[in-house]
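These notes are about the structure you will find just below.
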Amino acid sequence: MSADDRIQELGIKVPLIPKPGGNYVHAVRTGSLLYLSGKGPLDSATGKVGADVSVEQAYEHARTAGLNQLSVMRNELSSLDEVVRVVKVLGMVNATPDFEQQPAVINGCSDLFIEMFAAAGHHARTAVGMGSLPGGITAEIECIVEVA
Amino acid sequence: MSADDRIQELGIKVPLIPKPGGNYVHAVRTGSLLYLSGKGPLDSATGKVGADVSVEQAYEHARTAGLNQLSVMRNELSSLDEVVRVVKVLGMVNATPDFEQQPAVINGCSDLFIEMFAAAGHHARTAVGMGSLPGGITAEIECIVEVA
Amino acid sequence: MSADDRIQELGIKVPLIPKPGGNYVHAVRTGSLLYLSGKGPLDSATGKVGADVSVEQAYEHARTAGLNQLSVMRNELSSLDEVVRVVKVLGMVNATPDFEQQPAVINGCSDLFIEMFAAAGHHARTAVGMGSLPGGITAEIECIVEVA
């Protein structure tokens, strides 16, 4: 099944992405790699994970950030089927200084990519805690994908 | 107009960069990509953005960090005109835990790259808040550029 | 001397790496680049650098994280001699907000890579302080290597 079909079968709604909140672009392609700018979840998904926000809530936010990246990919490519491999994910959590469960949060995005792309969705990853994130969002995802 | 001409027209002074402050090099080229090590502003540009340092001050610091990256590029390449595209910028702000305006700070670097390289300066970007930065600097820029 | 011989001569013991602690893989190759997931030191190497943990201790932890990356490389490639160049290191320190010596900590990994690979071990690098790291580890290393 193609990625474009799978997104329909899974009933995944890919959001429209807003314009970049700074002087940059959503993605740049160089050779066979597409570098995607960091993307967060919805504006309402703010707070410190480990204090105001639970791991379960932040998991959903990381999934939403991943959906925003799928939206960028679909805008940049003719089809999500052009994605050959999700190469690398940098998952950033806006957490308290003693938070330890960044991997469980970023699984929200990783699980989505593997649902979507199956074997091609398995990626190298770093999941870490930031001091702060733009607009106070709970999580942000940056990624690199290999494209056809 | 070439990038080398533009830097003169804009009256931009590219600083001499000091030796790396650790066991690493300023840049590594692999294929058509040049990976540049993280660079900060001047030594005197220290403090926490959102507390000791304003967004406007940190914007200038991010611009200075960008100038330092231009200096690295010029040292590595025969000319800044060898830069085909600024692919990716990682902008890191040494901020308080509740700081939310990282994109406005990192625009200091992004605006510079677009002044310098025009369309080739438009880059994918992540702008985030770090827990701490080397020497207490306010901002640090890492980037990847495609070269001829 | 080959990297495989050097690791023996130096008496370096490369640890067995545990399974990823999340829905990701240790490494993804695309073209001639191998992207390695972030790796930390041993589970017991936890705490905040600048408070509970000294720079000297954290240097050793960064070295152990680097050994874990060597282990990943050896598992992914037929031999460490397949490493053409260590391109980029992202060194992340779990530090107090006023910590300033991230480069001295991450040298633990950089020194190891240069011992191992000599000229091919010289890499671009960013060494920064995170708000928090998974499991409370003191340091984490992510890297990109060019392979044969």
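In order of appearance the chains are A, B and C, and numbering begins at 1 in each one.
Note that a residue touches a chain if its C-beta (ideal position, glycine included) is under 8 Å from a C-beta of that chain, and two chains touch if they have at least 3 such contacts.
Computed from a predicted structure; not experimentally measured.
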List the interface residue numbers of chain B and of chain C, divide the shared ones by all numbers used, and answer same when the ratio is over half, different when under half.
different
Cα superposition angle of chain A on its copy chain C, in degrees to the nearest 5:
120
Whole-Å gap separating chain B and chain C, where each centre is the average of the chain's CA atoms
24
Can you list the chain C residues in contact with two or more other chains?
31, 97, 129-132
Which of the residues in chain B come into contact with chain C in the complex?
20-28, 30-31, 35-38, 48, 90, 92, 97, 129-136, 140, 142
Touching residues (chain side chain C, partner chain B) in the complex:
31-33, 50, 85, 87-89, 93-104, 106-107, 110-111, 114, 122-132, 144, 146
